[in-house]
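Structures for review follow.
Consider the two complexes below, in which chain A is the common component and chain B and chain C are the respective partners.
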Partner chain A sequence: MDRKIVYVDHAATTYVKPEVFEAMKPFFTDFYGNPSSIYYLGRESKKAVEEARQKIADCIGAQSSEIFFTGSGTEADNWAVRGIAFANIKKGKHIITSAIEHHAVLEVFQYLQSEGFEVTILPVDENGFVNPEDLKNAIRPDTTLVSIMFANNEIGTIQPIKELVSIAREKGVIFHTDAVQAMGNVDIKVNELGVDLLSMSAHKFYGPKGVGALYIKKGTRINSIMLGGAQESRRRAGTENVAGVIGMAAALELAYKNLDNYNKHLKALSNRLIDKVTERIPYVRINGDRDIRLPGNVNLSFNFIEGESLLLMLDMKGIQASSGSACTSGSLDPSHVLLAIGLPHEIAHGSLRVTFGEKNTEEEVDYIVDNLEEIVGKLRMMSPLYEDFVKNDPGIKVTNHKAI
Partner chain B sequence: MYSEKVMDHFSNPRNVGEIENADGIGQVGNPKCGDIMKVYLKIENDIIVDVKFKTFGCGAAVATSSMATELIKGKTLEEASKITNKAVLEALGGLPPAKVHCSVLAEEAVTAAINDYRRKQGLEIENQLCDGCCG
Partner chain C sequence: MNNKVMIGMSGGVDSSVAAAVLKKEGYDVIGVTLKIWSDEMCGTQPERGCCSLSTVEDARRVAFKLGIPYYVLNFQDIFKENVVDYFANQYIKGRTPNPCIACNRFVKFGSMLEKAVSMGIDRIATGHYAIIEKDPVSGRYLLKKSVTDKKDQTYALYNMTQYQLERTLMPIGRYDKETVREMARDMGFHVAEKPDSQEICFIPDNNYGAFLQSIAKRAVKPGKFVDTKGNVLGEHKGIIYYTVGQRKGLGKSFGKPMYVVRIDAERNVVVLGEAGEEYSIGLIASDLNWIAFEKPDKPITAKAKVRYLAKEAEATISPLEDGKVCVYFEKPQRAITPGQSVVFYDGDVVLGGGIIEEQINRS
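Then we have the complex of A and B:
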């Protein structure tokens, strides 16, 4: 690539680490056997898939028989929610989730609601936390599932999962957590957390795209959603993505080995960005909890400007970031997460998500801040909202102009 | 997703700014929907001699504002009020389907500014506008 690229959208996806790619390569070209075949090439593939399963289980504190490979994090979420809801229908048809889940969970809840399930969506506070008391009050005798994400993909807030799990367990309710954003960033051990199901996706931690996994605790009643083969202990049909699962295991092992240093690196970059932006750009708000958050996530709202314009101008400078603006989603509403934490629409429209990764540097942070200052200034000069604000139009509501 | 022409008008928008003592000012849209356009007109002998705009919105909103102001500059009020969102769209070489409402907003901002001028002159208002999200 000959153009300057500053990639700060690691929550969208990551590159595949060279050592991960190396581990995968032989399974495209040399060991291409179908793991279900009984001859040598098939057996080698099978062995490699089972080794990958064991590695992943060891990382997250599970048994290998509790790890099920899927085609994505989205599939893992769909399977968990649908599979549990339908398998436990005799107990009841009430299921609980939170307002800030990924659409891979929220839309399955909406679907189940249309199928006659009763759905409770728990609110979050201004930093994006679910209140454990709310969960306690929402659980009924006919509740079968609670699905609450480990860490939010937009604002980075990390939920008090352990506490939430213990509430659900006390009442005998199955607990699923979507850990797609958290995995590889946080030291997750399912045996310590006590969750019954957990979703992950390889391409969020420097593994390949198109492969995910669902942890299902032994003894959990769940229906399959993919039928037509005996793979994955008859629970998820489809020929295994052999190279993919090997890549996922290699990437997760590297992530767990390097967790402390990676965290420190990301936290330093995030703090540098937050400090410099709030020092140099007025009328900005930091979304999500300042401390209990994914270390590489920074979510900012700039008053008076719109997120897509901001992204396009950043892109012209090679900066690859993301926004919760409506215009990036094709609807008129901005991000459901930003609205759920109480941001007014016009502030939510002007949001920017920066998510750092391994290769980002302090110089890149400074480059981002320099360009942000210029671009935000330029867009504000074009903004009728800013003009009204400057002229003190009482009709324009300005949220806190001091950073949190 | 945007044409080169759209990106050109987005990155180098024409006629950005305000006109002091403008003869007509129109503002449409709603911060809730994520786009607001404000158009200022300077009118002499029924001709738009100058036009400026300010826009809060996405790339398409900025580009359509810029193009709309280009299209009406130097035109008579009658000519300008005939410029539709289709003309703005065509001049930009099209927009993604989800963004077509931005071109409607540009047409409405111009209409609102012309209406404001006519109101101030005690003239009849020809095109009424809706309020809120016109998407």
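Then we have the complex of A and C:
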């Protein structure tokens, strides 16, 4: 690749770290046995899978028997929500989530609603926080599940999970958290949090794609959604992705080992970006909470311009960033998260999400800021909204942008 | 102008080959698909119409094959406002709109070009069968018919302004359809044999009535069929279900062939006539755009085409004081329909065109 690439979309996915890849390799070519087989090669695979399970359990403060591997974070979310809802139908059919969940949770709630469940969707405030009082008021005798994400994938806001969990526990309601974005960025210990279920995905913390896991606290009543095999203690059928789970465990161990340094590095880059952008580009809004957020996440809205043009022009400069979550058709709809925190439709269309990773540098931040300043300036010069704004308020400085 | 071109790719054979031609000619090509319809709608008709996800996948595959960057642009709001809503409103007014003309005017050569320019891309391109040429004498950009009469698409492009023509490339205008398919086959495009799109892209099953009913429920109410002398002949289902010139599907037999000759939305009446009565000698058109010259200041003679599939007919076009024109044909024309466009030609050259407001009938 001879073109300049600045990758700042680590919330979408990360590369696989070399040491993680090394750990995985033998299980593609040498130790390829099916973990369910009784002979040597099968036993070796089984042993490796169980070691991986133990490592992950140790990282997050769980028992190894509480870790279940899945094919993705999305599968873990689907399983948690569907599995709990259907397994606890005798108690009731009321389930609670928040307005800013990932679609892997939200769409399952919509599906369950169509199947006759009653759904409460909690609002969030302008920084993206769920109000614990709202949860307290929403829980009813027939409530079976609360599913609230640990940290938001678009705006990075970290929820007061511990407090929310204690409210649910007090009322005997099962609590699931989608920690796909948080895992590897935040020191998560399930035993300290008290959650009943937690989803994660390896490719968000420098592991391979196609592997996720669901933590299910011992004694939690849950149905299976994948049937047809005895794997994962009969709870999730399908031959184990042996190399994948080994990669996941290796990546998570590395992440937990380097958590402090990694956090410091990301925070420094985020602050540099926010400081420079707000200094050099007027009419910009930082979405999400300024402090209680994922260290590497910066979500910006630029008034008067569309996010779509901005992203395309950044891509032409080699800057790989996104406007929120990646969508199947690759086109951009206004983000439900930004709408939920109260942004108007036209601004929800124009946001930029930068998520830093291990290899990003200060020079890259500066390169992004330089290009952002130029591109935002150009787009605003072409924007009828901006023109009207300037016209209606002749007192304002016509920014520091030069016309093209 | 710079070397960058944004090409609109529908996933069909024409725009795919157009992209390839531009690439070969050395342009810096950026492929885009305008996402004009919501996923919910596409979910019901996954295989057909411009809007479906499969067309995005087709376009993406071609772009990857050509090694050009490819993006999907969200044009849902722009398309709905300028094409779908316009289409429905026109029908409710008893007129028969041409949504492709509106789409070309406001979406492709309007918003898409604007978007390209705002991104520092100086030109756009499409897979239309038409030729854009600069007239060395007048210095104006001309729109000319493609070499292939069957596929010529100039009728739907007459609204292009000089600004748009200067910044637009139509790379396949000089080829015929068979050659374009042949080129697609040679380049190994998987879309080479894809059938031409026929229907209106946002009504994939071609069921206008149901579509209009679904977006304009309260506006559809039954009314009377009358003859040209005003005698009531029966009841119609609602004016949106009829178009001028229609004979079939009137829902009723009259003992002889009857044609829709006019629709009067104000009175909610559909006027039927006997064979011959659906012909008119002229029309009034408004909302004119002229390409070959600024505008006519005296009557001109030209060939005029009153709908996409109509034959061109000799006509005299006289400018009126209010900016409209009055068009008289040498021979009466069938089914002149308010809401459709009339486009004027001098040989291969598109002079301009406008929207038909009313028929002129012999009194």
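The rule is simple: the second predicted complex is superposed on the first by the 382 of 404 C-alpha atoms of A that agree within 3 Å, B and C clash if a C-alpha of one lies under 4 Å from a C-alpha of the other, contacts with A are read in each partner's own complex, and residues count from 1 in each chain.
Here is the rule we use: contacts are C-beta pairs under 8 Å (C-beta built on N, C-alpha and C of every residue); 3 or more make two chains touch, one makes a residue touch a chain.
Because the structure is a prediction, the values reported are computed rather than measured.
Novice: Which partner does A:Met382 reach: the first (chain B), the second (chain C), both, or neither?
Specialist: both
Novice: Check whether chain B or chain C contacts more residues of chain A in the superposed model.
Specialist: B
Novice: A:Asp315 in the overlay: touching chain B, chain C, both, or neither? Say first, second, both or neither.
Specialist: second
Novice: Which partner does A:Phe304 reach: the first (chain B), the second (chain C), both, or neither?
Specialist: So A:Phe304 only meets chain B here.
Novice: Is A:Ala213 in contact with chain B, with chain C, with both, or with neither (first, second, both, neither)?
Specialist: So A:Ala213 meets neither chain B nor chain C here.
Novice: Of the residues on chain A, which ones does chain B touch that chain C also touches?
Specialist: 308-309, 312-313, 316, 330, 332, 349, 382-383
Novice: Chain C touches which residues of chain A in the complex?
Specialist: Within the complex, chain A contacts chain C at residues 308-309, 312-313, 315-316, 328-333, 349, 378-379, 382-383, 404.
Novice: Report the residues of chain B in contact with chain A in the complex, numbered from low to high.
Specialist: Those in contact with chain A are residues 7, 10-11, 13, 16, 18, 27, 31-38, 54-62, 98-99, 133, 135.
Novice: Please output the residues of chain C touching chain A within their complex, sorted ascending.
Specialist: Chain C residues touching chain A: 35, 39, 53, 56, 60, 69, 71-74, 114-115, 117-120.
Novice: Per the contact definition, I'd like the list of chain A residues that touch chain B in the complex.
Specialist: 304-306, 308-309, 312-313, 316, 325-327, 330, 332, 334, 344-346, 349, 381-387
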